[in-house]
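Order as written gives the chain letters A, B, C, D, E and F; numbering starts at 1 within each chain.
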Amino acid sequence: MKKIEAIIKPYKLSEVQERLNEIGVHGMTVSEVKGYGRQKGHTELYRGAEYSVDFLPKVKIEVVTPEDKVETTVDAILKGAHTGSIGDGKIFVMPVEETVRIRTGERGREAV
Amino acid sequence: MKKIEAIIKPYKLSEVQERLNEIGVHGMTVSEVKGYGRQKGHTELYRGAEYSVDFLPKVKIEVVTPEDKVETTVDAILKGAHTGSIGDGKIFVMPVEETVRIRTGERGREAV
Amino acid sequence: MKKIEAIIKPYKLSEVQERLNEIGVHGMTVSEVKGYGRQKGHTELYRGAEYSVDFLPKVKIEVVTPEDKVETTVDAILKGAHTGSIGDGKIFVMPVEETVRIRTGERGREAV
Amino acid sequence: MSRVISRLKALLVTLAAMGAMAGPAQAQEVADAIDTGDTAWLLVSTAMVMLMTPGLALFYGGMVRRKNVLSTAMYSFIALGVITVQWTLFGYSLAFGPDIGSVIGGFSMFGLSGVGGQAQGTIPAALFMAFQMMFAIITVALISGAVAERMKFSSFVVFIILWTTLVYDPIAHWVWGGGWIMSLGALDFAGGLVVHISAGVAALVCAVMLGKRHGYPAEPMPPHNLTMTLLGAALLWFGWFGFNAGSALGSGSLAATSFVATQVATAASIMGWVTAEWLHRGKPTALGVASGMVSGLVAITPAAGFVTPLSAMVIGAVAGVICYAAVMAKGRLGYDDSLDAFGIHGMGGAWGAVATGFFATVAVNSAGADGLFYGNPALLLKQLTSVVVTVLYTLVVTYGLLKAIDAGMGLRVDHEDEIMGLDLSQHGESGYTM
Amino acid sequence: MSRVISRLKALLVTLAAMGAMAGPAQAQEVADAIDTGDTAWLLVSTAMVMLMTPGLALFYGGMVRRKNVLSTAMYSFIALGVITVQWTLFGYSLAFGPDIGSVIGGFSMFGLSGVGGQAQGTIPAALFMAFQMMFAIITVALISGAVAERMKFSSFVVFIILWTTLVYDPIAHWVWGGGWIMSLGALDFAGGLVVHISAGVAALVCAVMLGKRHGYPAEPMPPHNLTMTLLGAALLWFGWFGFNAGSALGSGSLAATSFVATQVATAASIMGWVTAEWLHRGKPTALGVASGMVSGLVAITPAAGFVTPLSAMVIGAVAGVICYAAVMAKGRLGYDDSLDAFGIHGMGGAWGAVATGFFATVAVNSAGADGLFYGNPALLLKQLTSVVVTVLYTLVVTYGLLKAIDAGMGLRVDHEDEIMGLDLSQHGESGYTM
Amino acid sequence: MSRVISRLKALLVTLAAMGAMAGPAQAQEVADAIDTGDTAWLLVSTAMVMLMTPGLALFYGGMVRRKNVLSTAMYSFIALGVITVQWTLFGYSLAFGPDIGSVIGGFSMFGLSGVGGQAQGTIPAALFMAFQMMFAIITVALISGAVAERMKFSSFVVFIILWTTLVYDPIAHWVWGGGWIMSLGALDFAGGLVVHISAGVAALVCAVMLGKRHGYPAEPMPPHNLTMTLLGAALLWFGWFGFNAGSALGSGSLAATSFVATQVATAASIMGWVTAEWLHRGKPTALGVASGMVSGLVAITPAAGFVTPLSAMVIGAVAGVICYAAVMAKGRLGYDDSLDAFGIHGMGGAWGAVATGFFATVAVNSAGADGLFYGNPALLLKQLTSVVVTVLYTLVVTYGLLKAIDAGMGLRVDHEDEIMGLDLSQHGESGYTM
């Protein structure tokens, strides 16, 4: 099993979700994160003092999936999240050694 | 070393924490996430417009632990988080190659 | 490629960020988490009822980086996050099998 | 009490006029003419008391868990809708209509018939009605503190309609509308009995009959937003000037002295509560300040128009300590009054009603009476009688009502819905989408 | 309407005085002397109406997405700055200066020249001016509900200066300043036409001309903080007592009956809206309570001083249902009025203006008129005429203004800036840094 | 100033009465009889000024970091408790008791002895006392802006008791209670000297003596919740109408013109601040609107009852720019006045006091004086004198007090506690549990 982590622009989440649904991925976990990278941040002003904010709001998606579905999953995310402008984000693929469904105790492929 | 990631129902956190304490796990990192899966979401109403909210609040627990404690840890989480109804969540086990305690610089088993 | 995850004290974030910049790491993802460990929590009082809060606010930093930069990255985080008092946090290193930049589709080293 | 006077005065004038064979119209002119200043103060007071109910919604809303913030506020907001309609249709008539047997008003002022712009005392009758309306509204909203996080919204709506009709309206009649407590001569300046004791006791009955919130007390249920609670408490304080000083039913000396008593007692109660918790738990808290504030406001309510500033200070300081102790005791007694509606309104109101029996003095308000400390033990007895009867009546009727509603439609939300939170399950909304 | 009376009265007295060869100074004394009670109520009312604009900022601010909360509030807050200056310099003069051709006041009171502490009716002239100022401010702030989350701040500032000058000031003059609608005899107690219909229609034009928010309606845009919206609604309600009952321009019977009508209609409208959505969608919501509240307040505004409490109850209940339906219809009509400024203020205001033609009765206010239900169809016709002309005039001028501003400086923020949120892009700030 | 008049008037009447051998009782009747309208306005004003302190708690609370929101609010809320008690026991007596050597009142009105419902001017004495009480409360709360995020709660409590007694009470006596500044003839309508300059200067001393917050200025410390700050600013504005127009001590022309001056100056100051930052930094901000608002309110405070609307506009606009500049300068001067209590209240108050010397005119208030622009340079000199002495006195005594408290119990929380946040470390609470 593999875990695919994608860091994307927040407003692209629903599009990515749709794309994943299309290819039969019906489970994922999402969280709000802050990203720092080439995309430059912005400046905030409070009583004339300028603060530069480097961290931008991003959404992290985690999908655990069997090896044979990794490529289609990565592709789906790529299609859903792509805008072509800086800050579109990253996809990382990582090994998962065991998966368990808490409700049933099922393991491996059955669990996700 | 392994990292055990569990996605559970939020109100089960304290029970899981207790179970983990019982088996001697005294360190973990927790975060709020949104989950999407078989458990169906709910509908929200704002001025008569219906929004279906698919993402449900979940809690993610991360425990890094030596290999020999993985099974007991997974079991403890299973016991603490299980309700038997859809949406109980998942447990994933992943390899960790190095661990460091920032305060002391200790590495490996000593670090967690 | 490796993913370096660090759990640190929140107010140390900007220092860690600087240290990472110094060694040429210009991308990372950050999130707010709650940590449970040796550092003891605090007690809250609401109408005379005491609640003990075990989970402390921490910040999680994730940096994906090529193998040859892992050690310098870990060192940079260590320097930036170290205070010497309990609760300074942990660094974990994990394998990453694939990385993709969503904007360009670049993979591997080019992607981060 | 000031109401007692103005009514008595009107009566006397009428009798005198009749004795002198003067036409009633002329007597009316003497007794009742609108004063623009009195009316201005009552217009504002009425608006201020209205604002207390949203203030309460915030005060309570901040104290619950995030998932229940809207449902908690909704109990108060719906009271503004429902009770206004009840009061307009028949509630006012029941409470303030011509007396029937010292027990209740009739239906003769149904739909506010005859309640228009004409003078009643020195203010328009319609304004007196509106001022009283706001009291009825906030009373049922106060009860919601005990049922928060688990009572069905629909059942709450049914409950408050019945409770206002069967508990509030009669008690208001007894105390202010010409009923037996008024005849007895017990003092309740702005609603210690009518509002706080009745609401507090009803809250206790609700808490016991609904049972504990799921997870209570094992699971911590800290307030989700104390800044909201502080804001709500501040709006309550602001509005309470209208509540207490507006109960003078005019602008002048009595309004001013009631205002001062309100301010001093509230401040002293903050100090009382905060000192108690500082000594007891080692830290003064913001929730303690807010709670002490409300405790003091409650306790001074029955007394505001009858006591000196220094007496108000004592009443307030003691209120802060008593209510703190009452809230502490809850843990040991084992019921789950989610937001301490009984501990604060029931206990604070009872203390205030009794304290009036000690501290009242005709030096402050010649239309009042002297209390025990001014050499008159009789008043204390009257105060105690009125408290005991109010407690018992409220207890019995509230219990009966809840039993009936429980049988008919259930009181509590489903277990699943409670865990999900009442905002989503009852109202299909989330308080925050951050 | 009460203004009509006081002005007519002043006129009559002056004429009578002239006829009697008495000096105008003496006549003035009879007609105009400051009453401290009336002044007290108007001072408070003016402050309360001021508070409505920040209340609106919260009401609206809670309904947008988190990234736009400050920019949404800023539309209201900047109106407090900009319109106060406009009104002081020339706006008041245009609206209430000596009439020119039944259409507009002149510039003779530029810079408030001659508007000082002297009596106008029974209150200081400066106070009447300030009370009216608050109406002008909130009217433009209401419009912002339609442009939220996408209109450029600078363009909004320019727009409100021009719109107040070219739309609000003339309509205020027509209805209250001695213009043709006043002469016609149509009734608008506190601003159904002047405030709500004009703002509602302008909002519709803005929504259509700005176009939809990016992502609307596919992307869900739920309110980010409904507790803020509830608080804002509560402040609106509180302030509205000043708005409506203050429009009696004095403290007394008329203020009291307007106050009661306001309270009853608002409560009934809450019940109307909530019942509608409960039946239609299965759940009563907190946003529904807040929306019903504002709908009722809007609808009773033109009628408050002319109707009985039971009529107010009907007007309110119907308002809740009508506004709910109007908001539902928006989806099908396809424009994006972000926060339903048209659905609530336009529709609610129109219903209120028409309802006045049905329910008004001289039994409540002898200076008013009887409506259709009291046997006088003429009033209804006048009401309809005034509504139609106000709608058309507002429509045309608002359209022209927006076209011009669009050509000159653009109406909408850049696409990128809209996605990032207006708080950051327009103001360089975040609402929350939690 | 209006106080000066009413007191002088009372004095003159008494003298005249004595000269004519008329009984003092009769003279009293002429000078002092309660007016219900005046009393109504002062009742409301007092409640509104009370509300300013919670408003300030929100204004300040929104500007700090999340971990310090409650502790920041607590400084204000505890002032409501502590200073009310101080004022009731002896503070009022010190400030307004019979004059001793033009410097201080005595202890003769200890515990409000003799301060009851009897008339003082046209309002009850107890009400005048309560109105003044609210000023004493908010003054110390204002100072907390400079100490936020690091001062020990217990030390703050001790500090405000001493500071009110040794700084506020004397200055209030000098200016309003019959002391030397009153005799001098300097004008301070509603507290430019007494409230804002004294609080602003004390804030500066506190900021310097406490030292910078840990991490300042390297670490960014953006406001955690600007919607809370906006709400707080709005409540301040609302309450300030009571503060300024209530200082007329009655309802009528003077209250109305003060009200208008307050509104116009505030709006102009918003425009001043926002324009300055728009030109200087490229963007108009919500915090700028809130800050400009308060700056204008501060600056018009001493002048409100003496200037025309157009003068108020100039005073406000300049205040916005001056305070913006003062806040900018802080960075260069190197002290850490967390929330700019000095930059806004000290500088704004000083500007207002001086501006009164330029813009005051007897055309607006015959009991005032003409300023420089109306041909009278003497007033400006008096204003400057009063400012300089107030600044110096406050500086010296505040410094001494802080030194003493620092020696006795320390001023600042531990380093660890500061990092953890004062909410947890001082009060054991979290503002939000989301």
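Remarks
To be clear about the criterion, contacts are C-beta pairs under 8 Å (C-beta built on N, C-alpha and C of every residue); 3 or more make two chains touch, one makes a residue touch a chain.
Just so you know, these numbers come straight off a predicted model, no measurement behind them.
Of all chains in the assembly, those touching chain C and also chain E are A, B, D, F. In terms of C-beta pairs in contact, the better-connected of the chain pairs B-D and B-E is B-E. Averaging Cα coordinates per chain places chain A and chain B 18 Å apart. The centroid of the Cα atoms in chain D and the matching centroid in chain E are 34 Å apart. Of all residues in chain D, those touching 2 or more other chains are 35-38, 40-41, 44, 222-223, 225, 231, 251, 281, 283, 285, 287, 427-430, 432, 434, listed in ascending order.
Shared interface positions of chain A, defined as residues touching 2 or more other chains, are 31, 44-46, 94-95. Annotation, chain-chain contacts: A-B, A-C, A-E, A-F, B-C, B-D, B-E, C-D, C-F, D-E, D-F, E-F (touch as defined at the top).
Listed in rising order, the residues of chain C touching chain B in the complex are 2, 6-8, 31-38, 54-55, 58, 60, 70, 74, 77-78, 81-95. The residues of chain A lying in touch with chain B in their complex are 1, 3, 17, 26-31, 64, 94-103, 105, 111-112. Chain D contributes residues 34-41, 43-44, 46-47, 50-51, 54-55, 57-58, 61, 69-70, 73-74, 77-78, 80-82, 84-85, 88, 111-112, 115-118, 123-124, 126-127, 129-130, 133, 153, 225, 228, 231, 251, 423, 426-434 to its touches with chain E in the complex. On the chain E side of its complex with chain D, the touching residues are 35-38, 40-41, 44, 48, 65-66, 222-227, 230-231, 234, 237-238, 241-242, 245, 250-257, 259-260, 263-264, 266-268, 270-271, 274, 281-287, 289-290, 292, 308-310, 313, 364, 432, 434.
Contact residues of chain B toward chain D in the complex are 11, 14, 42-46.
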